[in-house]
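The same subunit A turns up in both complexes below, where it pairs with subunit B and then with subunit C.
On to the complex of A and B.
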């Protein structure tokens, strides 16, 4: 894996997008501790990192969004094509310091302005630059998930630009609700580098949620433009109406789907009230379901839920593209990505560390909806698909999965206690 | 715009124009907002354009492989071996029949806003079927006219199957189908946007399984059959740019088909392109 590193194209590195001079960025990177340590004391860590990174900058140069060349040979993008795409994106969405919202798109400009720009305060004393202060070090100024410390994390920080999110409450692959993103910011993703930002004010969190949506909507429009201009030779100059009608509006519509038709897409877990005996029975039923051929949980998570099933080579959607059929191909492909190939491990339930949260409701949603962007499939119904399990069965599976996490190692149990995924009679399933 | 008013106005457009169709009338898919399209019934937003005086024509031809096709490699089947091990599962990325015909070449109208002939609309099936059978996807290559057709996914194997795809700018799918026979062995999927090229469909349980799907806003596409033949039927009169695509190389670059593209003028007669030769290097062999 490490052999690939020096093959990468330096133009892909996030340090180039204005966060810091490159040398500073890489120095910080080397000194930084691994992800779980970061997760345990986020705020202090951020402040330090940001200070370190910004310390070296004397004159401020406004950063640009960098073009999404993931998986592409930069030589295949003609300079006129690159300029055309960058220009239309700037007209529609502005810059990292000065965001715009294309007309009709469901984004709140006032909130975006709070999150965008350099770290500091405006003339009325309100804080600005929240995204660069709290997020860019991992997620990158462009939202590419390749910020200065990204490479040290496993899983990597999310690349927001293809609009895929793992931990939501929506079926059928629909976009997350604002409340889903807010939940992620409030709680963080335990077991990953993604920290909790609960100390921030509600307004700051709302601004950051909006900014994530902005980076995604912009990023998906950009992917559309790359397909149209580079792959399909759309005639230049680009017509703004074409970009709006075929690029921006469909993306915006996708983001509205679940917000506007919650009855169709949003799954609201209704946790059953179980006595200790009922819980024991539910765990037994869950165990049987888990081992059934219907959903094949064992294939990935193994017969005992230790994450050691027969599906050994799994990748998420961001990494799948980096995997060639042969070793040689994979090596070649590595040149066109910012971060090296990173395999994905199915969760070991005994660790008791659930990234999307350890409450029964969270586990229920993961099993019901699957984890978008990963091989973990949706077991519950969605528009058009009956699903292999119905609500009751998914609750049984939830009880079983949580019972395994209980049985786990000493550290696992400690983490489980800390993250609140207990499943005993005095908390969890048995209580309301 | 909220979804209720969006779909309502969409429906009005639909109703207003629902007059009896005549042979000569052409339908055109409008670029109506997606919000409307998604909440409408499948036969969603149309309007008529002026009736054409002339019925167009079809484009026919045959893809022929010039050279010795490589042997189709046996794929590694190491999951659900009890069931899948008994099938001879081989690479399907280049299918050449005894007569040299090349199957699974996509040919489709690349031009936008091509009007749709009523007879074509009426004769196209409402569903395109993707079967999970004998531990592979069948067929290997599919295409769908999303404004009229939906994808029907079914499992015919006695083991659970998974169907996963992520079209550009559309919602991703990762569906489990229970073992057949039994309940929950099927699903239907509708697409919210057309695509300019096919994307791949994978199974997360069985890494060797792969299929391709092209989603279009018009019905003018064809996939060459086992004998290499194809027909794009009922094209309207006009100048239309065609696109060739093959899974090994993407846009299929051939003489006269720069980037896999060629413009043809349809005047009212059928066009037979005859045999279109494919050399090994055209499909990425020996490079």
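On to the complex of A and C.
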């Protein structure tokens, strides 16, 4: 319509050139292609001016950390409580553009400064804003796992604020090592939206790891404050020393645990080198263990490891709070969460897809340590608990799981045919 | 003058296509091809510029250089080469600026050539709009840096394809082929056996190819680019949900484009004289197929295979590599091919909507030498 209307106007305006002489010397009014007319319309000039004004008015607005109200009715948090929590957190941890480290906390401020702030370089060429550059679009500014594209991902990005991480090498509920987080960053999580950041430099990766730890320590302190102030009516204003002693230091201590006592908490897989015969025996033993009731593997993963166990409704810790008893309750609860309810599915071993990595060591650690925050339990010994299985049994289970995954692929089938359904050396378990 | 025209016509009869020397022209016969060549040069600069801009967004390198219009305090053209090549994101951003500056200079040259060598006033206006667009684009890019404003990066990304489309439009309109065909009846309007058609007052929508259908193709393509730009420039503090709806819209438009293409093709498939728009439409179809494939690949290299794919098709243990070559090339190619698709849609729309006898008889627009004009 616009083009058609303007067509008539422009024909009149362009009289000097817009009339094409006919053979008999009279003139025919000329019409121009619509894009031509639109582009030369005065509206274009106006749009230009408006855009320039818009551009001139805009300026950088630093983002804030969002208060963690996941699963809470916002009406239950009084404004004065909210202000008190935000104030003390800002004093202790700073802002997304200017992070602080509370005294005595095991965080490297120089690395944090590199990861924090807006994306870009300063005039000396030093890069900053690495977290926003590489992570925030999924994990959000606050590390809440509810970044702009989070809803499109399955599983959702990790919410760092609970201090729970799925793929670690530590037992007994200790927090992950820096090297655990670094490994996840380096390798990514296959089959998920979590990429490998291997193209980044080691220094950049170290900065990101530090910032994730920072968000996690800050997030756990925030949860402590919410419990203290909202649930237990801690008197306001909050004393900084109280928050440091009761909130920050215990969290920091948990993060130091595995770093300072690795021999107690860190599990180091020692992969056995097996002959084909030994491997076949290990797979058989693993199969028996898998089907034992004490392991409860079949409950979720099914008798054949196809992820079709009797537990049909599974949720991780971040989602199970969203699940009500009735659908109506679930619908009501959804208002208090950033992301919709997302069910969890046990792994189908035949797919050969393991989010935490498909190497024998990865499977071993998943069975040994479980997957924190999910229904996958830890089966190995930990400080204070003997464990369901010992190391040798876990390796047997690993061999069995890997043999199933190889059966699910074309290569695996060929290998299975060749070896009589035995795990091949391709899995890395067999002695070469 | 008459002799020249007669020669031109005989040449056209022999070859069936206009040559640079013989094409009826609205230009100064001494430099009939200059605006067209400059428009081509500009187009050939803007497309790599869009690629480079896409890479800047893919690598989040828009703020790699903290100042503007200078680069780390240096004049844009005097920034030391070793510093330029030292860091990847600085290389991308500074290269983007340099190619942008080249595009600006070429736009000025194009406008000058249109002013001097082409008598078509509306073309001169279009050249001016092109210059305004490139200036606006430069300023938007600069303000995005100075203000650290992602919204401006978004607008900057949306204006780029518009500027490219304008440049493509100028390239078409200054081409010998356009001028040649402009002197003949519209292929799409009436059968060529009706000579009066070329002399009638053309009206958009009167032709066998409905104007709405022809215009819808570039408009929906551009809308799709704008939607894609929203997904490429998500503010980090944006709540989840927005991107979900942007994605739904982006996918809807992706579904709409093949339908529009099919309708357009169906409408002109039987028009014997619609050869040129049909060819452009076919080309658009091929580029669209490539673009849809790239779109699917872009999803995978950024978000991995969706759950439904793993459930119903295959489980592929793929790990995304952030900033890897595959991710960068596929994502940026999807962005750049979007602009290329718009270019094809614009060219198609020009030919499909070309009014009958757009320039009347070509010889009437040949700018006669001053001496000849005086002599009568």
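Everything that follows uses one rule, which is that the second predicted complex is superposed on the first by the 355 of 432 C-alpha atoms of A that agree within 3 Å, B and C clash if a C-alpha of one lies under 4 Å from a C-alpha of the other, contacts with A are read in each partner's own complex, and residues count from 1 in each chain.
Heads up, the rule we're going with is that contacts are C-beta pairs under 8 Å (C-beta built on N, C-alpha and C of every residue); 3 or more make two chains touch, one makes a residue touch a chain.
Everything numeric here is computed off the predicted structure, so don't read it as measured data.
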item: Which superposed partner A:256 touches (first subunit B, second subunit C, both, neither); value: first
item: Partner chain in contact with A:310 - subunit B first, subunit C second, else both or neither; value: first
item: Subunit B or subunit C, by number of subunit A residues touched; value: C
item: Which of subunit B and subunit C A:228 touches, first, second, both or neither; value: first
item: Partner chain(s) touched by A:189 [first = subunit B, second = subunit C, both, neither]; value: second
item: Touching partner for A:137 - first (subunit B), second (subunit C), both, neither; value: second
item: Which of subunit B and subunit C A:87 touches, first, second, both or neither; value: neither
item: Interface residues of subunit A shared between complexes with subunit B and subunit C; value: none
item: Of subunit C, residues touching subunit A in the complex; value: 60, 62-67, 72-73, 87, 89-90, 119-122, 125-126, 129-130, 132-133, 136, 139-140, 143-144, 147-149, 151-152, 155, 159, 165-166, 169, 173, 199-205, 211, 215, 218, 234-244, 247, 302-307, 310, 315-324, 327, 346, 349-350, 353-355, 357-361, 364-365
item: In the complex with subunit B, residue positions of subunit A that touch it; value: 104, 164, 172-174, 220, 223-224, 227-228, 231-233, 245-246, 249-251, 253-254, 256-257, 260-261, 293-296, 299, 310-311, 313-314, 317, 370, 372-373, 375-379, 382, 384-388
item: Touching residues on subunit A, where the partner in the complex is subunit C; value: 3-4, 7, 10, 14, 16-23, 27-37, 39-40, 44-45, 48, 51-52, 54-56, 58-60, 63, 118-123, 125, 127, 129, 132-134, 136-137, 140-141, 146-154, 187-200, 338-339, 348, 351-354, 358
item: List of subunit B residues in touch with subunit A within their complex; value: 1-3, 31, 33-35, 38-39, 78-79, 150, 159-160, 162, 164, 166, 168-179, 183-184, 186-190, 192-193, 196-197, 204-205, 207, 259
